[in-house]
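You will see two complexes here that share chain A, one where it goes with chain B and one where it goes with chain C.
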Partner chain A sequence: MELRRTLTYRADFWVNFIGQTLFSIIIAYFLWSSIFETLNVEVLNGFTMERMIVYYLLVPLVFRIQQGQTIGSISREIYEGSLNKFLLYPINFYVFKIITHFAGAAFYFAQIFVIIGLYQSFADNVIFEMTFLKFVYFSIAMFGISIAYFCLNSLSELVAFWADYIWSLGVIIRFAVSFLGGALIPLSFFPEWSMEILNLTPFPYMISFPMKILLGEVLLKEFLFNMAVLTVWTLIFLFFSRLLWNKGRYRYTGVGI
Partner chain B sequence: MSRYLRLYAHFLRFSFSKAMEFRVDFFFRVVMDIFFYAVQFAFFHIIYLHTPILAGWDLEQMRVFIVSYIFIDALHMTVFSTNCWWLPIYINRGDLDYYLVKPVSTLFFLSLKDFAANSFLNLLIAGSLVVWALTNYPAPLEPIKVVIYLLLLINGTFLYFLLNLIFLLAVFWTQSPRGYGDLFFSVSHVMERPDRIYKGVVRKVFIFLLPFAVMASFPARFLMEDNQWHLLGVIFGVTTCFFLLVQVIWRLGLRNYSSASS
Partner chain C sequence: MIKVEGLSKQFKVHKKRPGLRGSISSLFNREYIIKDAIKNIDLEIKQGEILGLIGSNGAGKTTLTKILSGIIHPTSGKVSVLGFDPWERDNRYRQQMSLIMGQKAQLWWDLPAADGFLLLKEIYQIPEAEFKKRLAYLSESLGIEKELNVQVRKLSLGERMKVELIAALLHQPKVVFLDEPTIGLDLSAQKAVRRFIKEYRKEFNPIMILTSHYMDDIEDLCDRIIIMKEGEFVYDGGIKQVHQKYAQSKLVTAQAAPTIDASEEARKFPKSLGEIEINDNGKIIVRSPREKVMEAASYLIHYLKIEDLNISEEEIGDVIEHIMSKGKEA
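Up next is the complex of A and B:
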């Protein structure tokens, strides 16, 4: 159903998808070309120009997989009163919402492999190979990241039990994950002192970690460590999310606005 | 003209009273935009840790550029963005009829009826950032150029809005609920980089066809660099062309409007 909904307006969907990917690459290409030219170097913080372009080609797709399809829907249901039906369904609300979230994420997950396939078919100088092991690591990581993001985002969505309209709170979380996760600029460019602090937060595990897997920089030991940290953060988010849900649903009137 | 000003005063009054209904959202919007501004500064500060110059500008010059596009974004968010959100929805649902019968310009009405009062505080913050960047700029700035620069930022906002409209008005033909609004959001990041990084055909595209380079980068260049008066001709030429283009697309779109929702 999610797939059908996403593809209702096919032309729009593909124009948006191709346009977003293309412009993201164009902006990144010209920005980093300018920097590489000014410094007259071929490698900067472990990135060649080719590697940088691949990074910016894949990072928006990783970001979309993580975001899934449910952003804003929980708060909207609370706000409009359409949460009623979920309270009556014979299925756990969280399970239902996570499945919906995955349905959207799965579609973007397929997209990233189309892009990787196209890149490997047409690029002159292919800088990374997609092995079976990488595929397994990446799939497991994105599964975990999707759940983690869902739980983190639900913290903001459930505030709707207390405040009518909280769209901007979700946007703050998106900004934070995007910038502090390394979607705007690779984390290796961040100053060292900031990385010491960032590593104590969930953000590097949500974007930089899967990007490292794709670009071939993660060994089994590091993979297991990162997944363990991600799991701990997910449990923390889930705990607080359940707390908000349990308290918030008693405030819910079901009337809607 | 006075009728339109009176009408806009009503829009303002109504928008402020509506914003006060959602006080928590009001607070979060302020936090959201402050966070957005902080990310913009942090992004360029990180880049300048690795290079002393970007597109011919040092960090102080880049700060003037950053506050320029932040101001444009804040002004657009306050005056136009809520209207831009609703416009394709009205067209898609067939709700445009109600506005077409009003005795004022429909495009004027739909473009300005919702003033985002909850973004107004952010506009004040963005304005303060402009003042801060200009007063801390290490070289003297000519007062006349400062005045023209501020007018160019307002013009840049208008141009940004016109381009946003073009992407949204596609809904007349696609019948989708959002037009190409998401695509516009992705393309609009072009404005957040100095124009000199773009080279060749792409540079021409971003000046004349998708003129994001004209909105904030040209005003900043005009202000900080010598002998840039020719940029005024490009800025006003492009803005006029896009204003006329929007009028044409709007009229063509209305001819295609069936009023039935989809």
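Up next is the complex of A and C:
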């Protein structure tokens, strides 16, 4: 259903696709080429200029896959009262929302492989290979990350039961994930001591980890470890999210009818 | 069957003082007021019954509907609908219940209704053949077959209500809550919706609870009505009995002869016989106490040389308005 809804707005879909990717690349190009020039180096923290461009080509899409289609929708439904219909239907609200979330993510998932295909067909010097194993790791990781983000995000969305308008809370989480996950600056640029702390949080596993699968090599052991950490965090988020849901429902007034 | 005992619902409402100062101070110090939306009500509705819930805005009708459908939690009291507690949101209950909201679209705004129905088919797990049969029956009864493939947001209000009705009835619920199903519709669409609800009821015999501000809806569809005021029931009974119990006066309408100065005669009309009113066409309307009706009629015949006379009950809407304004003492 979400796929159909997204497809209904074809123009928005393409503008989003092309605009976001181009925008990210242009900013990254100007910013990082001046940094490389100023420092007069070929390689910076393991990144060549080419590698940096590829990183910024793919990272917005990884971020979008993770974000799916639910951002703001749960809080909006509580705030506007359209949660009513989900309370009436004989379905689990969470399951319904997560399926919608995946449908949104599926688009960006397809997009990233279109971009990778185009890159590998036209780039002079291809800096990474796409193997079947990488595809499998990446797909499983993105599936897990998408659920983890959904559960984390739902924590902020459910606060809408108590405070009517919580848009800014969603923005903070989005920014935290984006910055601490490595979407704004690759995590190899962070000081070592901060990485020790960051590795205890879920953030590096949400962006940096799938990027490493695509651009580098991830061994099975590392893959399994990262997935286990992600699962633990997901369960923690889910536990608190259910708690908020069960408490919040008592406060719900079903406005709008 | 629906059974409600000692049901109450209170809302905690944030009180904000006006102006910028009020907004800033409410950031730090919030005042709340407790509002009683429903006060200790009892209710019993049998299978197949259609009940009209009437009351002015804020009387508690929608709150009651929301509690019965499981959207909100009651502050106190017991609720049982088809043997389930709605708040528990048991899927077996939700499979048999439906809420139609005239003011709120439930179908997906950006998609054609047909796509929304397909999703509902999955949600309610309706078998394919049965789904097709029900959809054909409902869309034909409402005369909306051609509009099913149009985006919901592009439909007219009347068409939208019709597709909402289909969406709410595809799973053949045993309890249907209709919250203002004809709001904003033109007269012919209102009639079509009412005709459909009647037919549907005859065919499937569900419990229906109808909330409406249109008296035509209530008169046409309901046998029993409940009038609510400030969270309490002020009347619960048959729609016909409302007149007998509460209509203290009858209406005498008459047409005065053109030769008579009706307004002059009206001034002389004895107050003990009722209130008299004359409209621009010379039509006389007397609202007379029931025991004085004959006296009022003979006064008119004798003094105003009237050409035509009619005695009727007060409009049901007027009687209900009277009850709503007076409350239980009416």
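Here, the second predicted complex is superposed on the first by the 255 of 257 C-alpha atoms of A that agree within 3 Å, B and C clash if a C-alpha of one lies under 4 Å from a C-alpha of the other, contacts with A are read in each partner's own complex, and residues count from 1 in each chain.
Here is the rule we use: a residue touches a chain if its C-beta (ideal position, glycine included) is under 8 Å from a C-beta of that chain, and two chains touch if they have at least 3 such contacts.
Small disclaimer: the values here were computed from a predicted structure and weren't measured.
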>> Let me test your reading of the model: by the given contact rule, A:G19 touches which partner, first (chain B), second (chain C), both or neither?
In response: first
>> Which partner chains sit in contact with A:Y250 here, chain B, chain C, both or neither? Use first/second/both/neither.
In response: second
>> Touch test for A:A163: chain B only (first), chain C only (second), both, or neither?
In response: first
> Taking the superposition as given, does A:N45 touch the first partner, chain B, the second, chain C, both, or neither?
Replying inline: first
> Of the two partner chains, chain B (first) and chain C (second), which one does A:I27 touch, if any: first, second, both, or neither?
Replying inline: first
> First (chain B), second (chain C), both or neither: which does A:Y94 touch?
Replying inline: neither
> Given the superposition on chain A, which partner contacts more residues in chain A: chain B or chain C?
Replying inline: B
> Thinking of the overlay built on chain A, is A:F240 touched by chain B (first), by chain C (second), by both, or by neither?
Replying inline: neither
> Where does A:F135 make contact in the superposed view: on chain B (first), on chain C (second), on both, or on neither?
Replying inline: neither
> Do chain B and chain C land on any of the same chain A residues, and which?
Replying inline: 9
> Hey, which residues of chain C end up touching chain A in the complex?
Replying inline: 11, 62, 65-66, 69-73, 89, 91, 94-95, 97-99, 101, 103-104, 106, 108, 110-111, 115, 119, 123-124, 151, 179
> So in the complex, which bits of chain A are touching chain C?
Replying inline: 1, 4-5, 8-9, 81-82, 84-85, 87-91, 249-250, 252-254, 256-257
> Contact residues on chain B for chain A in the complex?
Replying inline: 21-22, 24-25, 28-29, 31-32, 35-36, 39, 42-43, 46-47, 49-51, 53-55, 174-180, 182-183, 186-187, 189-190, 193, 196-199, 202
> What residues of chain A sit close enough to touch chain B in their complex?
Replying inline: 9, 11-12, 15-16, 19-20, 23-24, 26-27, 30-31, 33-35, 38-39, 44-45, 159, 162-169, 171-172, 175-176, 179, 184-185, 189-191
